[in-house]
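Going in written order, the chains are labelled A, B, C and D, and every chain counts its residues from 1.
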Amino acid sequence: MDLTWSRADEDFRAGARSWLEANVPRPALPSGDTSEGFARHLEWERHLFENRWSVVSWPEEYGGRGASLWQWLIFEEEYYRAGAPQRVTQNGIFLLAPTVFEFGTPEQQQRILPRMAAAEDLWCQGWSEPGAGSDLAGITSRAEPVDGGWALTGQKIWTTRGAFCTHLFGLFRTDPDSTRHRGLTYFLVPLDAPGVTVRGFGRLDGDEGFAEVFFDGVVVAEEAVLGGVGQGWSVAMATTGSERGLTLRSPGRFSAVVTRLVDLARRSADPGGHPDPLLADQVVRGWMEAEAYRLFTLQAVTALAGGARPGAESSLNKIWWSELDIHLHETALALRGDAAELDDAWMRGFEFSLSGPIYAGTNEIQRNIAAERLLGLPRS
Amino acid sequence: MFFGFDEDQIAVKEAVGALLDKRAGLTVLQQAWSDPAGPAAWAVWPDLADMGVQGLLAPESAGGSDLGWVTMTLVLSEAGRVALPLPLAETAAIGVPLLVSAGDPAGVLGSLVAGRAVVTVASGIGEADSGERPRAPAASRADWFVLGDRLYGRDDVVLRPVASVDATRDLAEVEALGEGLVVGSPLEFGALAAAAVLVGLGRALVSTTVDYVKDRHQFGVPVGSFQAVKHQLADAAMHVEFAAPAVWAAAWEMDQRGGDVGNIGEVARSVSLAKALASDAAERAARTALQCHGAMGYTDDYHLHLWLKRVWCLSPAFGSARWHRRRVGVDMGLHG
Amino acid sequence: MDLTWSRADEDFRAGARSWLEANVPRPALPSGDTSEGFARHLEWERHLFENRWSVVSWPEEYGGRGASLWQWLIFEEEYYRAGAPQRVTQNGIFLLAPTVFEFGTPEQQQRILPRMAAAEDLWCQGWSEPGAGSDLAGITSRAEPVDGGWALTGQKIWTTRGAFCTHLFGLFRTDPDSTRHRGLTYFLVPLDAPGVTVRGFGRLDGDEGFAEVFFDGVVVAEEAVLGGVGQGWSVAMATTGSERGLTLRSPGRFSAVVTRLVDLARRSADPGGHPDPLLADQVVRGWMEAEAYRLFTLQAVTALAGGARPGAESSLNKIWWSELDIHLHETALALRGDAAELDDAWMRGFEFSLSGPIYAGTNEIQRNIAAERLLGLPRS
Amino acid sequence: MFFGFDEDQIAVKEAVGALLDKRAGLTVLQQAWSDPAGPAAWAVWPDLADMGVQGLLAPESAGGSDLGWVTMTLVLSEAGRVALPLPLAETAAIGVPLLVSAGDPAGVLGSLVAGRAVVTVASGIGEADSGERPRAPAASRADWFVLGDRLYGRDDVVLRPVASVDATRDLAEVEALGEGLVVGSPLEFGALAAAAVLVGLGRALVSTTVDYVKDRHQFGVPVGSFQAVKHQLADAAMHVEFAAPAVWAAAWEMDQRGGDVGNIGEVARSVSLAKALASDAAERAARTALQCHGAMGYTDDYHLHLWLKRVWCLSPAFGSARWHRRRVGVDMGLHG
């Protein structure tokens, strides 16, 4: 056991920190889930890419630095610490890219990854359908073979930032006689293809963060298939593992919130100089849960670095960070007293935190997975 | 001992509920979201006055019915049920009884009861100083503003609109210019009224969610057949249904004291009980409702968010659950 | 609405209070779940009966006072307030007796009720079996017709105070071809009948509070059937409704614990004169939940007094009081610091409180019932 | 950065685990319940010493191995797994390092390491004064008693047996007669050691319960197939597995400081993190285990209660979760 960082890792941290301090936009950008904000975020993403901070863990040929998992964690910690903008490219970089690295042909990797890293192609996820949310295997959107490719028909929903993206990755049923998770195929679809209609709509917090995407006989080439016809479920599960696991929620994200929360608590003090002891306790609890998350992640990355594959413990990970995120924001609102109702960053953060136990597989699904795959309890 | 409602109380509740369903339904609420001071949102206000709602706590001499707090809280829970985007609690359950108790120094009771004037009440009660300025809902339409223990006319305040998470709140910071009229603290009335609204909101959140999960299918079965969903909803319903009697009991005690601000301290513990239970129950119902709706609850295309946001505004208003528990703890000698 | 007590009710309260003050044994009796303690408790029960405080709500002909439900509540409040002994006869009085009143023949009522009230016959409940706990319909103990009666064979378990009682009421399968809740019959069995074996065993808290009861061809008369052959399920459900409902857990029980808890909190104060604010908050929360329980019960009794039948809201009742009881005792142990481990009345109370969410239908079952019958959610 | 165990650490853990399974299994534990100071309960003590367990934190000069706290906490979690009814934490993880740090003023380190002498530690650390006298476990067999920051020999204390909910604790009130030897506060060592034991107890409670609910059928299916059971167990497992890394990290930090009492304040925050998470997780695991076992868990015929009661004793020992959160809050400037 050695919980110190190597000299190389410390140097990497110092480099990231100084670049971020010099470059993070002030004041903070408007929300990336509005069309105006999204454009500002794209500028930032391209600036990141030009300085090779966009995808630090990718090979250099695709625009990365070939950084280790440890360095990726360090970068994330510094990124959140610096209060840098939310990554509007994250669905491509963190969800699709690992799948392309694992299942893509060399041609696909060359075509897709550099443009993704550069924020030239902007990818959104087409998983959910009106009748298939937590139950992905209920997908009914279909792909029918046509000359030289496939024709896609159906509807996707809850596509985050779908109205601003250029491409979609999603599951379609290629075997019309199949049911459940068999007969699905993973497709990569340009959203400017004829037959695609995108309708943006609002989230709880008022931002236009969601979209419905309609496919009406949209023709794509054979090369639009990722990982083999009929293999969509296992390919998607790899991506889902990624979404639920380390990538979306680096510990630095929550440590940064804790820092702001402690600061808020100090400013919310009574005339005696201290906040309500009950809320102080909740703040410390938040710090402890964020620390536990950081340590659990270090343990998991140690295992990954030793060659292990991500497993069902990523379900525990997702339950933990999503409940932690809500706890931190609830505590902040409690500290705000009846000013909590103001539509400010804490309230926005609270609203966003409430989506944590819902998206990427509800926490109910995650508890089923943890119980069945980690504990070995029987399926219902 | 009879812990139930009499026929008159039930009749008033049902009449108001029917009026709200007819004239303040979802369409009106959605219009209030984009134009909270607009005519669509306010159309039901005179109808409510015609039905006597604004005068439930006013004496007959001022055109009221003096039916009392039990009826008032029943009606306010109906307002919560439909998430009524109007300052009914502020006018009928805070402004009116404060003015009655203070002897109507501004001579406005009649206009409030008749639905021709509107009272709002500024925040900042019952919490440690948050460093924010006092804020009041329905600011564009209010004629009278309660700040602290004083009443100010519209010409005696400066308003600066600020955004609430609930756009129907029509919120503004309020700065008083003059001395105002001393009318007494709105805390007890406000806490009890908010508790009643929260019970209505909580019940509506549970029943809306029950309807949704019966209908929504995943994995080939209704979502509502999963134990994880059932148990969350059973718990939410339980907490709301155990909060409700505390609200009615506090209302009954308020009636026993004649709603007199002078000896209102005697009902403070009952009011704290009601508000603490109602705030916690409504917050739990909101969280459960959102989780059981999944992504559907997370879009503003669907109406659930209107109820959620009202809960987030009213749960801390007039003292959070924690604040009221602390007040009782002080009363029990458990805090310094 | 009128939350005041009538003059008659106030007089009843005064009478109960003064009798209890003069008669409750000091110091408190040893646990009724040991053989020595049980004998002492029996003396107390008989003293109660002789003074007509044993079954206040029963008709006078059976030893009661014909008291109203309100007066029963008042008596319970005073009983717990006075710190009077746990009722070792409660399974008979509160679980069996309502069923006998509803389903018993006049002969059965005359034979059973007065001796029960007088603590001459001591009744225990034979519901659970090794393979049928929460799932009562899984009962396999059987009754076979013999000349003039029935022969009982099988095993019951978790029979509270079974080792000290004289009689058992329980369900046996009279139709051998039946499954689930059909074909069951409700029997009343003397435990001194040939073929009955009772083995007592210990509870978590070390008291010998449980028993297994074995039936090996135990012959009982026709009159041992309560409520008709094959009607056992619906008759038992009436009793179960009673167990889950008002009767076992009168609000006075928890109000009395709250009073002791507030006292403990005052004595656990730091040098500044106040307990930890977090624990003070938990104490107040306990008071609030006990008050809510009291008010919910008053509302329910108002409905019953108006002619309503107990419904599925008794499931909410049971979840509430059982979680409340644990909360109160957990708070007390937290106030005790690391002295919590001492085997004293608070620890004993805590251990007992943990059985609340398990017995009389686990809280998981209660949540199913509430969801399905109160909210109308579909069965799984 | 490497947050894992090396081969030696794993080898020690597995060897001790195997020894405990063989020589301190359920039968021994049940014998300890009726006779905690008896030979059956204590038979494994010299075996542990032979394996070097009591000397893990002692220098080689005293016959120890100086393998450090990471190994120590791994071993203590094994002791928790089998609910070992002996004062291993008190002797090996408190007594030994206190004496090492104090320069072994009583000259007893060798006998502790060799398994010939036993240390126990009195309660009353880390909580507001409860009005109770200090109490120590293993009182009948202990040779040395840590009270406050001092060490007393058996002849310098008066013992009065008192009943713990966990009869294997062999608890007694301890009153010191003499001055004792100053050895330093056992708080940090005790809190970290208790946290490690609690992780082992918590893991055992989860796995025992998983086995039970796979086997136990109700309504025609295994109880463990119900979502309500699955979700409770998933949560319990999650909390234990998120507490464990905090324990190892605090142990690593303790090793970095050389376990020196002089600068132990630097690890206090990590120790509080470990103890708070472990206490909360083990209490949750205990509650879940009992609920999922149903009545079976509620009888002393079955072994579950032995683990539950140990958790109830150790969760508040050396500071409850709440106490440790408060200590961190004070350190953060959030409490007065």
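The definition used in the following text is that contacts are C-beta pairs under 8 Å (C-beta built on N, C-alpha and C of every residue); 3 or more make two chains touch, one makes a residue touch a chain.
Note that the coordinates shown come from a computational prediction; the quantities given were computed from them, not determined experimentally.
**Q** Measuring centre to centre, with centres taken as mean CA positions, what chain is farthest from subunit C?
**A** When every chain centre is compared against subunit C, the largest gap points to A.
**Q** Looking only at C-beta pairs that count as contacts, which pair of chains has more of them, C-D or A-D?
**A** Between the chain pairs C-D and A-D, A-D carries more contacts.
**Q** Using mean CA coordinates as chain centres, what's the subunit A-subunit C distance in Å?
**A** Those two chain centres are 52 Å apart.
**Q** If you average the Cα atoms of subunit A and of subunit D to get two centres, how far apart are those centres in Å?
**A** Comparing mean C-alpha positions, subunit D is 40 Å from subunit A.
**Q** Where in subunit D do residues touch two or more of the other chains?
**A** 226-229, 231, 322, 326
**Q** Would you give the residues of subunit A that are in contact with at least 2 other chains, written as numbers and ranges?
**A** 275-278, 281, 364, 367
**Q** Would you mind writing out the residues of subunit C in touch with subunit D in their complex?
**A** Residues in contact with subunit D: 128, 131-135, 138, 157-158, 201-204, 206, 210, 267-268, 270, 275-276, 278-279, 333-334, 336-343, 347, 351, 354-355, 357-359, 362-364, 367.
**Q** Show me the residue ranges of subunit B that touch subunit A in the complex, using the header's touch definition.
**A** Residue list for subunit B touching subunit A: 123-128, 130-132, 135, 162-166, 169, 171, 217-220, 226, 228-229, 287, 290-291, 294-295, 297-301, 305, 308, 312-313, 316-318, 320, 322, 326.
**Q** Given the complex with subunit A, which residues does subunit D contribute to the contact?
**A** Per the stated touch rule, the residues are 1-6, 9, 70, 206, 210, 213-214, 221-222, 224-227, 229-231, 233-235, 237-238, 241-243, 245-246, 248-249, 252-253, 273, 276-277, 322, 325-326, 328-329, 332-336.
**Q** Going by the contact rule at the top, pick out the subunit B residues touching subunit D in the complex.
**A** Those in contact with subunit D are residues 226-228, 231.
**Q** Can you name the residues of subunit C that touch subunit A in the complex?
**A** 276-278, 281
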